[in-house]
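Structure first, then comments.
Which chain is which? They are A, B, C and D, in the order written, and residues in each are numbered from 1.
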Amino acid sequence: MIIVLKHGADPKESERLVEWIKNLGIDVHESAGSYQTVLGLIGDTAKVDADLIASLDIVESVRRISDTFKCCNRRFHPEDTVINIGGAQIGGGGFCVIAGPCSVESEKQIINIAQAVKAAGAQMLRGGAFKPRTSPYDFQGLRGEGIKLLLAAKQETGLPIVTEIMSASDLDLFEKVDVLQVGARNMQNFDLLKALGQTRKPILLKRGLANTLKELLMSAEYIMSSGNPNVILCERGIRTYSDYLRNTLDLSAVPMLHELSHLPVIVDPSHATGISRIVPPMALAATACGADGLMIEVHNDPSHALSDGAQCLTPDEFAQLQARIASVRRAIS
Amino acid sequence: MIIVLKHGADPKESERLVEWIKNLGIDVHESAGSYQTVLGLIGDTAKVDADLIASLDIVESVRRISDTFKCCNRRFHPEDTVINIGGAQIGGGGFCVIAGPCSVESEKQIINIAQAVKAAGAQMLRGGAFKPRTSPYDFQGLRGEGIKLLLAAKQETGLPIVTEIMSASDLDLFEKVDVLQVGARNMQNFDLLKALGQTRKPILLKRGLANTLKELLMSAEYIMSSGNPNVILCERGIRTYSDYLRNTLDLSAVPMLHELSHLPVIVDPSHATGISRIVPPMALAATACGADGLMIEVHNDPSHALSDGAQCLTPDEFAQLQARIASVRRAIS
Amino acid sequence: MIIVLKHGADPKESERLVEWIKNLGIDVHESAGSYQTVLGLIGDTAKVDADLIASLDIVESVRRISDTFKCCNRRFHPEDTVINIGGAQIGGGGFCVIAGPCSVESEKQIINIAQAVKAAGAQMLRGGAFKPRTSPYDFQGLRGEGIKLLLAAKQETGLPIVTEIMSASDLDLFEKVDVLQVGARNMQNFDLLKALGQTRKPILLKRGLANTLKELLMSAEYIMSSGNPNVILCERGIRTYSDYLRNTLDLSAVPMLHELSHLPVIVDPSHATGISRIVPPMALAATACGADGLMIEVHNDPSHALSDGAQCLTPDEFAQLQARIASVRRAIS
Amino acid sequence: MIIVLKHGADPKESERLVEWIKNLGIDVHESAGSYQTVLGLIGDTAKVDADLIASLDIVESVRRISDTFKCCNRRFHPEDTVINIGGAQIGGGGFCVIAGPCSVESEKQIINIAQAVKAAGAQMLRGGAFKPRTSPYDFQGLRGEGIKLLLAAKQETGLPIVTEIMSASDLDLFEKVDVLQVGARNMQNFDLLKALGQTRKPILLKRGLANTLKELLMSAEYIMSSGNPNVILCERGIRTYSDYLRNTLDLSAVPMLHELSHLPVIVDPSHATGISRIVPPMALAATACGADGLMIEVHNDPSHALSDGAQCLTPDEFAQLQARIASVRRAIS
């Protein structure tokens, strides 16, 4: 941590600050220039409150120079994390496609789609049982019943299942779920993150609507520092002033997160764009820039899906896309 | 709801769509132009999924023309909601200042500040017991113990207390708390909102980091449609590309929310700016544009606050600000 | 400037860097910690390319600690700049209201409005002659003819006039214009800024749609370093994900710019909100947080204005607002 | 255009509005529901001012249902525009890589780089002669001299050249330049766009920092409606709250622009990311989602580039990237 003192800072106050920092067990290197004095803090500065110091009258600015994320940091864990999920692998050079409908609607629907996406080569099945909706008047999902239907589809096809959890109090219902998804709106629901950190379930953590990469990593850190190392990061579009598309898919997050962290990074082009015909090009782009996998909405009858129909692919479109993804995978390997 | 069909849309598919809508119990007025055909839907279109219709091949665009928020809508409830909290009132022309430290740290600290802000005319005491922090390594608040200290300060001063709840499972601890705050990061934690809707406690609902006014109102709707009409909206700054200030305080939200809704609207200039010397001008601006109250961080020793010290006022600065606020209140009344 | 070297940086490369910097005539203070080595650069670092240094393999990060803006910096010029414009003053504690229509439409129109806003106490007349429009098919303004009409209104009422210039090649037409406005879209049209820096005309510089405060100040710097010290900064709303209002008025820019710079800061609530009934509360808020003036659209027949009618006040509404502004001015003085 | 009248709108005022619209030569279809009355306008509504109508007391909302862009609209020109530039082609299924340094620095530098990028298969040479810089104290480019050096490199290698124009008054200097670039900051410098519309030079139009796709298309429309059909659109990253990367590259703009317009769309991953090691994955992603070309910064000595060194590739890195791009091109064809 580096503290820049204001030009003409009262030397007494500056001494008091240095002493206060040293009392925290941290060394201070002072470097006085003609315009500024710079204090370099050496030691475990994670416990030093940068905002507090920045508020002092004599301080010009404060800056952390070491990362505040530890568990997910690639510096301390250079090799990729690989998460095994019922045969499928995410991370470490493999590629994993999670496909399925936005919402689970009926046993017939989910089993049909599961069979279709499996036939097209998907490694996992997704489907919403608990649905976070902006409006309380919109369909909120089949909830516990939806999870049962997902498990039926799993039994039928062998595909591991991924579904969203909205509250720690529902954890019992997710006992047989393979991957628990934390949605964008709950990325900073820290109590939920801590509760998921108590489990060993793989957690698919979606980036929040307007969250930075560092905030995403700090949320992963909540899960990991509570004891669960199995975190999958997911870029799903951020909110900007986009006029034609729902969100702005931030694909540069993929290589950047890979540099910062050893965790796998997947991309959800369906929610990011909200338009089914834009999903394939963005899925290919995500593949080309090194994503560890994709999460794609597939519905056997997009015009009758109960939610988000506009962004679903049909099983046929999905199968065609899978072939093109495989082709791009070969091209970049 | 208005549906614009594509130029050259297949008449058969268009007929099927019209029939499907009519089956939902909704009237359809068709208006065929030379370039487009427009369908006007008359009836309770809240149950019609606009995204689904937009996904059809023959549809150019879909647009709702009536608001999806009902309980908080000023159209259906023209007079201001007034919420009574232990003598203080929020809404309906009154003005309510909530002041106190970011975090509760000790009994002495919270009682001292409570006495100071009461002396300066604050109507309520705020203080964080459960603290949502980006990093799991930062101070997470005194939790249940912090609430006890707030209640001690309430007993000492008579000031009603406001503090943040992060999880429905903590509700028991908040039994004697006067106003439960939902933080920006939990604005779309719908399970928490529904649980709070089961109570009759006044809920102070903060706008999320990148949420629109409509989303804020829909989150209020979650609480209200669950049975709790006592919602206070709070603007606290949104995330932009601001370089010197933490967030961008969106004061135009105040008159706009007043137009859309009958709920009271308060402003938190402390979190929005993050710089204590910018808090007073923004507090005055919020007052001038018609806010129903303010939430201001006050600490008796800003340079020793455990969190967010940079944005706290001293009791003296707060007392001076109160006098200026009163003066602006008179000027606009 | 502070350079943080990577942990384990090759000492030879680090020496080469230090030498290269010293060759630029800059002193380097080295401070080696157990985790990082920090180089503090002392001297005129304006000529050091931070991006270049940041690109080196051995460098972790680079940070400037001194401002890159000089002419407009309050540190080097603590007292407020006051600009005199035909009797009116902007800056230094005064308050200046610039009012008028979005576009000049006819001699009768502009003279009528000029008389009305003068009667209501406006100090200057605004009116668009050259109009930057998103679409080439929208009304582009009366151009040179519009300026003649503004000058006629000036002669009639004595009000100094403010109007936008879009290209340096039009400068001759603006000879008798009192204040030249640079619109948001041209805030970083550096050739235009340099050309305006060659004149001594007061320049009203609007903040760009997504520009930071530092970028606004650097654009002022283009004008001032070319020789023209007469710059007025104008906050007019920034682009966010606002749903009901056109832009987000960033009022915290007012006190922040006052702290950073000695230049006057005015606010345009009309373009920022785009809704005439939100203009008065935001005008009062801007007044309350210390703006040096306002720019307000007034039209004698809002429903027939050729552009931006939705955001115009009538002369009556403007007169009422002026009385309330005066009242808030007294309250904060 | 659709106008929704408020519930309970005065029928007299509504009639007056209908009459006024009919006087503009536009048909009005009225559709009265129990809650709203909807007016459908049929005819050339480009001349109807939507903002003006929205400002009327009786109007709830107004919405255009036809595009306001004509020349660049794919509806009216279904086949791709192909632009021929000295042998190279942009658009229509080809792929064009423009490479070179951020700034032209010397004859030796630009010729060396030109030879290197040509050897690696680039179709055009880029290099900045006129440099828009945020600070007036930063290097502003070699200007006219820089163009001469680019022309020397063209003569040496045969590569067509692309360079930025900042002001119409410099047009004479660009006589022999093959492609004129309009930078992000000048995307809405409408006077410059109109002047470039008077030429027949290919124009590379970069998307502004916070501009929507529609605004980009409307700026293309300024050039095209002035008579020049040779416009190349360029996505180069938009401003968000990105923490590690300079901007957020919006790759979904590529397929979306292709759907809306027949103009070629290229991508500049260098400026978007600002980090050279993130450039290759984003270049591959842009290729995979269907871009018509790329603009990539290459410097033979990144650590000595005068500007933007951090984002440049070396010629070797560029040659490797070219091979991978070719591989992805084959995979998606």
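The definition used in the following text is that a contact is a pair of C-beta atoms (placed from the backbone, for glycine too) under 8 Å apart; a residue touches a chain by one contact, two chains touch by 3 or more.
Everything numeric here is computed off the predicted structure, so don't read it as measured data.
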Set of chains whose contacts include both chain D and chain C: A, B
Pair of chains joined by more contacts [C-beta pairs], B-C or A-C: B-C
Mean-CA-position distance for chain B and chain A (Å): 26
Centre-of-Cα separation between chain C and chain A, whole angstrom: 38
Whole-Å separation of chain centres (CA-atom averages), chain B against chain C: 31
Chain D residues counted as touching two or more neighbouring chains: 210, 239-241
Residues of chain A that touch chain B when the two form their complex: 46-47, 49, 51-52, 54-56, 68-69, 132-139, 166-169, 185-186, 188-192, 194, 208-211, 215, 218, 221-222, 225-226, 239, 274, 276, 302-312
Sites on chain C touched by chain A in the complex: 2, 4, 27, 29, 31, 33-36, 38, 40, 42, 60-61, 63, 65-66, 239-241
Chain A residues touching chain D - in the complex, by the definition given at the top: 210, 212-214, 238, 240-245, 248-252, 254-256, 259-260, 272-273, 277-278, 281-282, 284-290, 324, 327-328, 330-332
